[in-house]
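Okay, so chain A shows up in both of these, paired with chain B first and chain C after.
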Partner chain A sequence: MSPVLEIRNLSVALPRGGAGLVKVLEDFSLAIAPGEMLGLVGESGSGKTIAALSIMRLLPPGAALSGEIRLGGQNLAQASEAEMRRVRGKRIGMVFQNPLAALNPSRSVAAQIAEAWRVHEGGSARAARARALDLLGEVGIPNPAARLDDYPHQFSGGMRQRVMIAMALACAPQLLIADEPSTGLDPLVAAQIMALITRLRRERDMAVLFVTHDLSVVRDHADSIHVLYAGRSAEWGGARDFFAQPRHPYSEALLGAVPRLGVARLRTIPGALPEPEARPPGCRFAPRCAYVRPDCTATDPPPLRAGGTHAACLYPLSAAPPAEPAPDLPAGERRYLPLLQARALGVRYPGHAAPALQGVSLELGRGECLGIVGASGSGKSTLGRAILQMQPHTGQVTLNGQDVTALRGAALRGWRRRLQVVFQDPRESMNPRMRVGEIIAEPLVLQGQTARAANAARVAELLNNVGLSAEMASRFPATLSGGQAQRVAIARALAAQPELIVLDEPTSALDVSTQAMLLNLLKALGRRLGLSYILISHDFAVVSYMADRIAVLREGQVVETGPVARLISAPRDAYTAALVGAARR
Partner chain B sequence: MNRPRGSLAAGLALGGLILALGLVAPFLYPADPYALHPAQALQAPSLAFPLGTDELGRDNLALVLAGGLATLVVALPAAALAFAAGLAYGLLAGLAPPWADKILMRLLDVVLALPSLIVLLFFAALVPLNNTSLILLLGLISWPGLARLVRNETRAQRGRDFIFAAEQAGAGRLYLARAHLLRVIAPVLVVNGTFMVGDAIFALSALSFLGLGVQPPQVSWGSLLETALNIIALDPWWLILPPGLLVFGSLLAASLTGQGLLRRWGEAR
Partner chain C sequence: MISMILRRAASSSLSVFVLVTLVFFMAHLTPGGPAYSILGQKATLASVAQVNARLGLDQPLLKQYGIWWWHLAHGQLGYSYLLNRPVGALLWSYERNTLVFYSAAITLSTALAILLGLAQGVWFGRWPARLIGAFQLGFYAAPPFFVAAMLVLWFAVQLGWLPASGITDLRSAHPGLGAYAAHLVLPVTTVTLLTVSPLSRYFGEAVHEELGKDYVRTARAKGVGFLRILFAHVLRNALRPLVTMLGLSFPYIFTGGVIVESVFNYPGLGWLMWRSALAQDYPVLIAIVLIIGLLTVIGNLLADLVNGLLDPRASYE
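Coming up: the complex of A and B.
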């Protein structure tokens, strides 16, 4: 069968302020057959989004593109802007990560779904409306006739993404480009969106290019996989062969970095993705590769057929992957000393009928990690803030037997530092005009330790604890990568010498390999310093990797609490069972 | 993008020139602004009198320079006073509990609702006018705009995670204001402070023009314009243009500098 989309030797260079053109994608080739889903996988900076934008010819001005992009018989790389307008929306549909930003808030969904169709096919308003109705039904919006005239804000996140998909399907495209369509959605909803895309491409015999940073998302859905690293293809081939035995060391490392139920240790990839201006000679993954040999840095590796896939590696992996190291500490052996108790916590936001939090009781032992799992809107972040006393609440919180709910003013300020917090967005949690050293020293200064030299030494020690060099102290937050910034946030939390750290979605803004590094760091720090954690996340797999016990939160109430192993093997609540199911991918 | 740099450089150059004319030149130019030369009244510019003479035969260049000094010694402290008052009030309201913030902001609404020129005229008619009272008047009339801006910026920044993190490390309100908020809103402050200097010069000139600013025998740019306007039938362009251009130049300098800084820092925020 001839492919719908065939890309040959595509290279893209983008202008980078003053430095001229920088190559961000090199010699990229792939083909997708009708009805096939190809997972284009890579971390931020790998070039995957640039590849998707090149197909639509939506690159930023000044970009240089060479190679062939064949859609049917037409070479899109050479097409004029007028020709591209007839391709976009008609022959290629596109779905983005954030549907709320991609939908017009002031127009009904019917008008927006029908828009592309009317532009390309020129049908009547009545026919367009009938078309929108069909499409809404096809993407699984319940009672579509009643929702035609609703506006985007009246839909939930998952339903909005369905509306986006309906829009992309309006002209029955041959190819659907989906750029992280399920990222940011709750796991159960994300699974539904994936199932929907799979059903649609089978029914319509439509090719799908699925762009994602997370291999686990495409594991059960893609027919083939293409892994990008630093602008070059690392490995490509059938999904079954790929997941059975990845051949490129980067693919293997990436797979090992994804938290899964029952995995005792996440693999991490040392170092960081090279900047486009500073890419190493030879194999670009060589500096971070666990299997590197001397000649890897000498030549660009040619694609080798290895097993069922192609890998751009001189020494593709063959045998079974190295055995997982055993977990280094038997769980449940520590003596249980209660640290924090929360009784009947309740929070009600003004203007909301339902309470955000109701009757939540929790207990946390010294050195323990308690996971709090729930969908967005379940109240998990509110619970974290209530425990931190950053949110007015009813009920009682005690730390070491001391009722902290009654604390006010200076007494409360003095108490606060015993509980620290790490937020989801590390850059937002740092003053952009402070240097890293000053940020980390802040808790020290606030405790009255103002001796500069002593603080600088302590900052260096803390940076070292979180795996950063002491030179980082003079940097500004904007110059840090996401992973580095989150390490700085952890160092600041440690500076206060807390008894408990609340981790509020600490890794959900990060790439999987960075997430693995950070989770391992937190685990090691917890063990070494005897820290207790409350880990808040929507990702059951992440929480099960870190936590000793898990509390499942739904609509402001705890539906189930228990040790991780028990929750996985024998969930008592139906919702817990669904979360475990979604995490068992 | 060369324009931001261009406007900033032009604004700073013009502003520097005006400050030099007003604050330094009066001490360098030897002529006495108040010496009368009745025989040479209303003369057009010449070698002896570079900017001509007024209807009393006073050296107009000396008058313009002295007027600049009189204008700036009132306008600059007045701007500083307004800046300090606006900043303090804004931070206070921004960091106060919601109920106190509400009261402070309603009070501010009342102040803002009064047309400032009318209020200025009212008080100028009530109190004896000298440099101190003028500084107080001008300073106390022009702070509410900055106060509102600082309060809104403070409120917006307060919801950010780094403020929570600092509070969790034990920070009080004073520390938050000093270590975090002032630093984050510094660009806004500098830009608006620049505008306030221009506004103060303009407001004082307007008052003086109405006879309620710097009092005779002292002259200022505003009062020079007023006297020149009384004899406009004689077309004394050398008396009108210099003070008029200097007032206009002050406003332009402040505006160019402020806009330039705004554009330079706009992206960094």
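Coming up: the complex of A and C.
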């Protein structure tokens, strides 16, 4: 069968600051057949989104593109803007991440879907509206006729992504490009979106280019996989062969870095992704590769056929990966000295009928990690804030037997020091005008330690603790990568020598390998310093990797609490069972 | 929406009350008084006292203040000391002129601001936008009296194309519409030049910002052409800051620019306010301040309502 899309030797260079054009994607080739789903996988900076945007020729201004992008008989790399307008939306549909931003907030969904149809097919407004209605029904919006005139903000996250998909399908394209369509959604909703895309491509015999940073997302759905690293293809081929035996060390490392149920240890990839300006010679993964040999850095590795896939590696892995050690799930329940107790916590936001939190009781032992899992809107962040006394609530919180709900003023501030928090977006939670050293030293200064030399030494020690070099202290937050910024946030939390750290979605904005590094770091720190954690996340697999016990939150109430192993093997609540079912394994 | 309007009216009435009170006492506590404007600077103390007694200005200040509210409650704004006419009718005869003048100016500058802002947003950072930006800064920095005086010098004095001041030609018995229009050209041009700068600058920034948003990329990915993206998607979202600014400039439409109206000797409300302040004609002055206060409140409210129509996410909470 002739492919729908065939890309040959595509290279893209983007203008970056004063550095002129920098190559972000090199010698990229792939082919997708009708009805095939290809997973284009890579971490941020790998060039995967640039590859997807190149096909649509939606690159930022000033981008230089060479090579061939064949859609049918047409070379899109050479097409004019007018020709591209007839391709976009008509022959290729595209779905983006974060549909709330990707849809126009001030136009109804009917208008936006109908526009995609009318731009190409013309026809009356009524016909286009009827088409929009059909499409909304096809993507599974309940009661579509009543929702035609609603605006994007009136839909939930998953429904919004369905609207986005309906829009991309308006003209029945041959190819659908989906750029991280399920990222940021709750796992149950993400699974539904994946199932929807799978169903649609079967029904329509439509090719799908699925761009994602998370290999596990495409594991069950993709026919073939293409892994990018630092602007170059690392490995590509059939999905079954790929997952059975990844040949490129990067693929193997990436697979090992994804938290899955029952995994005892995550692989950490040392080092960081190189910046496009400073990519190493030879194999780009060589500096971080566990199997590196001297000649890896000398030449560009040619694509070698190894087993079922191609790998751009001089020494593709051949042996089956070492068997994973049996997960050391705790045999019995460990006993912890009680640290924190929350009784009958309730929070009601003004203007909302339903309480955000109702009758939540928890306890946490010294050195224990308690996971709190729930969908967005389940009240898990509210619970974290209530425990931290950052949110007025009813009920009682005691730390070491002391009731903290009654504390005021200086006593409350003194107590706060013992509880620290790390948020999802670390750069948002740092003052951009303070240097990293000042940010970390702030809790020390607040405790009255103002000796500069002593603080600098302590900052260096803390940076070292979280795996950063002491030179970082003079940097500004804007110059840090996501993983580095989150490590600085952890160092700041540690500076106050807390007994408990509340981690509110600490890794959900990070790449898979960065997430693995951070989770391992938190685990090691917890053990070494005897810290207790409350880990809040919508990702069951991440929580099960970190936590000793998990509390499942739904609509402001705890539906089930229990040790991780028990929750996975024998969930008592149907909702817990659904979460476990949707989690990666 | 009705409850939102009522709530806003309730909270704003306090600020209007404070404003009027402040102006009442500031005006009455300044030395001199309207008696001197009526009788002249060489008036005797006895005749001044007589006039003050007739106008009720010899009463305690708090009582005068109470009387003013009492009259307002009965729909009376008092009599102008100087012109000896009821304030309400006086304001309306001047207000008409200002309304015509400023409606023309605001309409013109809004239309221009939208055009310039679109150009600036589309060519952001390139030479057409930089050129527009240079003019914006120039006119933003220029003082109104200077621009007005220059326009008078060029077009009225040197070229003699347009009248320099007034509202119509006093020499003709039945002035036509053309005469009124000709007298409007220079003041309207002055106000437009001065207001278009901030309006277009904010709008241009908004257009540039909206063009960078994800939904624009989505529209391009649907195959929508650039002009359609600009007018069907971006325009409506970018208009919001412009509407907010227009709401804030709403009081000007009614009070007029004091300076511009005085330079062109244009009998509008701004000119009347300036004259009343100089003559310490308290009833007129306070009535104008009351109107400015009310209009500021109404302008903000209107801007919020229009923005609510532009943005379906606004919930009037």
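The rule we apply is simple: the second predicted complex is superposed on the first by the 572 of 585 C-alpha atoms of A that agree within 3 Å, B and C clash if a C-alpha of one lies under 4 Å from a C-alpha of the other, contacts with A are read in each partner's own complex, and residues count from 1 in each chain.
In this section, contacts are C-beta pairs under 8 Å (C-beta built on N, C-alpha and C of every residue); 3 or more make two chains touch, one makes a residue touch a chain.
A quick note: this is a predicted structure, and the numbers were derived from the prediction, not measured.
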item: Partner chain(s) touched by A:E115 [first = chain B, second = chain C, both, neither]; value: second
item: Touched partner set for A:E428, first chain B, second chain C, both or neither; value: first
item: First, second, both or neither for A:A496, with chain B first and chain C second; value: first
item: Chain B versus chain C as contact partner of A:M56, first or second or both or neither; value: second
item: Chain B versus chain C as contact partner of A:M167, first or second or both or neither; value: second
item: Touched partner set for A:G89, first chain B, second chain C, both or neither; value: second
item: Chain B versus chain C as contact partner of A:N104, first or second or both or neither; value: second
item: Contact residues of chain A, present in both the chain B and the chain C interface; value: none
item: Chain B contact footprint on chain A (complex, rising order); value: 388, 390, 410, 413-414, 416-417, 419-421, 423, 425, 428-434, 442-443, 446-447, 489, 492, 495-496
item: Residue ranges of chain B touching chain A (in the complex, touch as defined); value: 160-162, 164-172, 175, 179-180, 183-184, 186, 269
item: Residue ranges of chain A touching chain C (in the complex, touch as defined); value: 56, 58, 85-90, 93-94, 96, 98, 101-107, 115-116, 119-120, 151, 153, 164, 167-168, 170, 351
item: Touching residues on chain C, where the partner in the complex is chain A; value: 213-215, 217-225, 228, 232-233, 236-237, 310-313, 317
